[in-house]
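Structures for review follow.
Each of the two complexes below includes chain A, the first together with chain B, the second together with chain C.
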Partner chain A sequence: MKRSSPIAVTLAFLGYVVMIVPILFVVATAFTDGDALTFPPEGLSLRWFEAAISYEPFTRALVSSLQLALISTVLALGIGIPATLAIMRGRLPGKSVVEGLFLSPLILPELVVGLALFQQFMIHLEMDNFRTLLIGHTAILLPYTVRVTGASLALADPALEDAARGLGASAWRSFWTVTLPVLRPGIISAALLSFVTSFNNVPISLLLQSRDFRTLPVTMLDYVQQNYTPIVAAMSTLLLAGTVVLAFAAERILGFARIFGGINR
Partner chain B sequence: MIRSRRIALVLLLPGLVLLVAGVVIPALTMLLSPPRVSTGEVFDRLGRMLSDPYDLAIIWRTLRIGLTVTGLCLVLGFPTAYLLARSRSRWAGVLLALAIFPLLLSNVVRTYGWLVVLGRNGVVGQTIEGLGLADPAPQLLYTELAVVLGLTQLFLPLAIITCYSAVAQVDANLDEAARGLGAGRMRTLWSVTIPLSMPGIAMAATLVFAGAVTAYTTPYLLGGSRQTMLATQLFRYSGVSLDWAAASATALIMTVLVLVVYSLSTAITRAKAVSR
Partner chain C sequence: MTTAAEFVAVSRHFGDFTAVDGLDLTIREGELTTLLGPSGCGKTTSLRMLAGYLAPSEGQIWIGGEDVTRTPPEKRGLGMVFQSYALFPHMSVADNVGYGLKLRKVPRAERARRVAEALELVGLGHLADRRPKALSGGQQQRVALARAIVIRPRLLLLDEPLSNLDARLRVQMREEIRRIQAEAGLTVVLVTHDQEEALEMSDRMVVMNGGRVMQEGPPDELFPAPANRFVAEFLGYENFLELPGRGLVTVRPELLELRGEHLEAAGHGTAPATAVPATVTSIAYRGVELRVALDAVDATGATVPLIASVRRDAIDSRDLPALLPGGRVTVGADPGHLVRLSA
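Moving on to the complex of A and B:
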C-alpha cells in the first residue's frame, strides 16, 4: 500500500472535524453547572439532565415522537413491502412511472409535502393533526422501504421462487419460505431507517404540529429560539446516547455499512 | 414472478392511493391553487417575487449557499471516501461507521452544536478574544458562514457514503495500472479514478444541493432572520403570516429548483452511461 497523499488526509481530517466536533461540544456543555451555554462549562453537574427529563413538554413530545415513528414505520413496511414485490416481480404497465411515484417523496422538498398536507387535510378536510402526520410520515418513509427492500430482493433469484412453485408450493408458501428469508436484512434496514427518519423529521412535523401533539425535534427547536439554557444540550446528549445504542444494535444485527448500502441505490 | 396482473395491482394499491391522494394531488393543489387563492394570483405573486430585490436576494442567497455547500461536501467528502475505499486498514471500517453515524442523529442535535461553537460565549469567539485577535470577537452566529458550516456538517456524511460506493466500484487495479504505466498520483486521480466514479459524484452533488436548498432546521437556527433562505421564508409565509399565494410561489421556486437539478444529474449520468 502506498502512502496516502497528505492533501487527501488533511481534507478528510477536516471533514471529520466538521462532522463530529460540534456534537462533542454539545455533550461537554450538557454537564455544566452554570446557567448559560458557555465553553468551557462552569463546574460539573447533572442538573440539566435532571431538568431535561423532568421538563414536561420534552417528555410528552418524546412519547409523541416515539408513537408517531413506530406507527408510521409499521405502516410504511406494511404498504411498502407488497409494493416492492409488485414493482420488482410483477409485470406492470408503466413500471417506471410507478417506481418514480414511489420515490417522489424523496425528491419533493419536505416543507412542500408538509404544507400541502396542512392545507388539504388539516384545513380543507379538517382531519386531526396526528392522522395527517401519519399520512405525511408514512409517505416520506415509503421511498426508503422500496429502495432498501428492493435492493435485497434484487439479490434473490426469481428462478428459486418459480422452482418452489413448480414443486407444488403455493404462492404464499413460496413467498414465506423462499422470498422472505432473503428479504429479512432489507426489512430490518428499512425499519431502522424509517424509524430514525420519522423520529428526526422536522419540516413535516413542524407544519403539522398542534398544541396536543408535537414531536420532540419541533419542541426542542422552539425551545432553543426562546431560551439559551443548557437544557437542550442535555436533551441532545440523551438523544445522542439513544442513537449510539441504536447504532450498536444495528451493527450487531446486520453490520452498519450494509444498512446504509441501500440508501443511494 | 407474480404472474397475475391483478395480484400485482392489489399489492401496489395501498401505496398508490397513499402517494397519489396524500402527496401528488395535495402538492399540486398547494402549488397551483391553494385555499381561496386562484392560480393566476399564485403566478402573479411568483412574477413579482422574481423581480423584487428583497425576494431575489433570498433566492440568490439560497443558490449561493447551496452551491458552496455542494462544493465543500465534494472537496471534503471525495478524498475521505477515496481513502476509506482504498484503505486496507481495519480502522477504515470504524471511520466509515463514524462518517455514517451522524445520519442517524437528529438534525436539531447536530445543528445545535454550532450554537455552542459559534455562539456569543462560544469556543471560537472566546479563542479569538483570548488570543487578542479581536475584541469583541466578530459576530459568527447568524452569518452566511454559520449556515454554510452547519449545512456542510449535515450533508457531508451523505456525500461520503455516495462517493464511497462509487469509488469502491472502480477496480483498484486500474489505479495501479495507471501508476505502473508512469502516471503520477494526481494524473491517475484525474484521468482514471474520478471519471470512473463520476456517476456517484454527480449523485452526491445532486443529493447535497437538493438537501441544502430545501433544509429548514439549519438556516432557522444558525441563520436566523438575517440569513433568510427559501425554506425559512416558506415557513414564514405558511406557518406565521398565512399568506398562501406567497407560500405557493416560494414552494414553486424551491420545487422547480430541485426538479431541474435532479433532471440535469439524471441526464448527465445517462449520457455518461451511453458514451461508454
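Moving on to the complex of A and C:
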C-alpha cells in the first residue's frame, strides 16, 4: 500500500476532529445528572434519556418522522428507478429534459419548494399536511435516487439484458431477474441516502408542519428555542446511536465500498 | 443443404447513415459461417438483427423457414455469445448456464444434468459454483458459450468471441469452437475482423465492407480468387497493378519473380509475358527470405509499390548489387499466378 504523506494524514485527522469532537460534547452532556446543557456534565446519570423517551412530543414526532421517511423513500424509489431506466436505457425523445426535471429539486432552494407546496396543495387544494409533506419529501429525494441508481446502471453492461432476452426472458422477466439484482447495491444505497435525507430534512418539514403532524427535527428545533435542558442532547445521542447501528448493519450486509460504489460486480 | 437462416434484402439505417445495405445472405444448416470485415462494416448490426435485438429498416429475416422479422429475441430460440460475455454477475456459473433452462421450465433434475453436461463440454465442470468474476477471461467465455448452447439453440451467434483473449488462447479456442460445434451439431454464425481466424474456422465466409457483401464462399475457393481489390487487400494480398490486356491483377509476394541480369542468365523460369521494370526501394531480411520493396511502372504508366518475397539461396551473388535500394530489376510472374480483380 502507498504511504500517505504526513500533510494528508494531518488534514484527515483535523477533519475528523472538527466533525467528531462537537458531537462528542453533545453525547457527553446527555449523560449529565444536572439540569443544564453544560460541559463538563455534572455527575453521571441516564435520567435525561428516560426523559427523552417518555417525552410524548418527541416520541410522537419520531414515529411521524420514521413514517414519513419510510414512505417517501419507497415512493422516491418507485418513481426514480423506472425513471432512471427510461432515461438511460429507453428511447424516449427529449431525454435530457426529463433528466433535468428529475434532478432539478437538487438545485432549487428547499424553502421555495416548501412554500410552493404550502400555497398550492395545502391552501388551494386543501390537502392534509402529511400528504403534502410526502409529496415534498418524495420530490427532494428523487434526484438522489435517480443519481445513485443511474451511476450504478451506467456501470452495468447493457448486454446483460440482451443476454437474458436471448435466453428466453421477456422484457419484464429480464428486468426482475437480471437488471434489478444487478442494481441492488445501488438501490440500497439510494434507499439509505433517501431515508436519512428525509429524516433529517428541516426546511420543507418546517413550512408544512401542523399541530397533529410534526417531524422530529422540527420538534427538537422548537424545543431548543424555548428550553435549554439536556433532554435534547439525550434525544440527539439516541438518534446518533440509531444511525450508527444502521450504518453498521449496512456495512455488514453489503460493505460500504459496494453500497457507495453502487455496483454488483 | 438445408437453409438455417436467411437475410432477404435487409438494410438498417441509423439516421442518415446506412450501416447495413441490402444484405442477402443464406446461413446453411450445420455450417460455420463467418462475417468478416473491417471494424464498422456492419457485422454486429447484422448479427443483432438476426438475434432480434435490432429491427431491420427494410427487408426480412427468416429462421428455419419462418419469417421472424418481427419476432422478439426471446421467441427466436438462438444462443448468443457477446463480446463482453455478459455473464450475470449475481449468479454462480451453474445458475448462469441454467438460466435459459429455468425459463423453459425444465425440471430441476434434468436442468442440473444438462448444465453439468454443457460445462463438461467446455471443460469447466469443476467451476460450477464459482461467481463469474472469479474466473479468467478465457473461462468466462467458455461459460458464456455453455450458457448459449445448453438451450440447444437453432443458431449459435458469436460476436468477435476471440478478440478479448490473448494470442495463444485465441488460436487454441478456434479449434475448441470447431470441436464444440461438431460435437453439438450446431449451426454457427461468427463475426470477426481477423481474416486468419475466418480462413481457419469457416465453412463459408462472407466478406463485408460498408454494409454490403463483397464476396462469399468457402475459404479454399475464396482465398485464391478474391473478387476485387478490397477483398484481396483484406485477405492480405499486397501487390496490385494494371497489366496490358489483363486489367487489374494481384500476385502473392512469394510468387513474384525478380530478374536482374544474372538471374535471367541463370535461367530462373521462362521470361514472363507480363514483365514490368522496377526500382528497388528497400530490403528487409526475414530468416531465409528477403522481402524486397519495389516501385514498378504498370500499364497505365502509374508507379505502383510492390513487395517481392525471395529466397536468399535463389539469388545469384552477382545479382546482389541490383538488389540494393536504387537497383534496377525486372518484375514478373507466371501468368497462372496472376489473380484478376474486378476493381
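The rule we apply is simple: the second predicted complex is superposed on the first by the 244 of 265 C-alpha atoms of A that agree within 3 Å, B and C clash if a C-alpha of one lies under 4 Å from a C-alpha of the other, contacts with A are read in each partner's own complex, and residues count from 1 in each chain.
In the analysis below, a residue touches a chain if its C-beta (ideal position, glycine included) is under 8 Å from a C-beta of that chain, and two chains touch if they have at least 3 such contacts.
Predicted model, so just to flag it, every value in this text is computed and none were measured.
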item	value
Chain C versus chain B on the shared chain A, clash or fit after superposition	fit
Which superposed partner A:Asn227 touches (first chain B, second chain C, both, neither)	neither
Touched partner set for A:Val182, first chain B, second chain C, both or neither	second
Partner chain in contact with A:Leu37 - chain B first, chain C second, else both or neither	first
Partner chain in contact with A:Ser210 - chain B first, chain C second, else both or neither	neither
Touching partner for A:Arg173 - first (chain B), second (chain C), both, neither	second
Angle at the Cα centre of chain A, taken between the Cα centres of chain B and chain C once the superposition is applied, in steps of 10 degrees	90
Partner chain in contact with A:Ser104 - chain B first, chain C second, else both or neither	first
Partner chain(s) touched by A:Leu160 [first = chain B, second = chain C, both, neither]	second
Per-residue contact with chain A, leading partner among chain C and chain B	B
Minimum C-alpha spacing, chains overlaid - chain B and chain C, in Å	9
Contacts on chain A seen with chain B and repeated with chain C across the two complexes	162, 264-265
Complex interface listing, chain A residues touching chain B	1-2, 4-5, 7-9, 11-12, 14-16, 18-26, 28-29, 36-39, 78-80, 82-83, 85-87, 89-92, 98, 101-102, 104-105, 107-113, 115-121, 123-124, 135-136, 138-139, 142, 158, 161-162, 196, 199-200, 202-203, 206-207, 217, 220-221, 224-225, 232-233, 236, 239-240, 243-244, 246-247, 251, 256-257, 260-261, 263-265
Of chain C, residues touching chain A in the complex	51-53, 72-74, 76-80, 82-84, 86-90, 99-100, 103-104, 133, 147-148, 151
Complex contacts: residues of chain B adjacent to chain A	1-3, 5, 7-9, 11-12, 14-16, 18-20, 22-27, 29-31, 34-35, 75-77, 79-80, 82-83, 87-88, 93, 95-110, 112-117, 119, 121-123, 126, 149, 152-153, 156-157, 160-162, 165, 179, 185, 203, 207, 210, 214, 216-217, 220-221, 231, 234-235, 238-239, 244, 247, 251, 254-255, 258-259, 262
Contact footprint of chain C on chain A as seen in their complex	157, 159-160, 162-170, 173, 177-178, 181-182, 184, 264-265
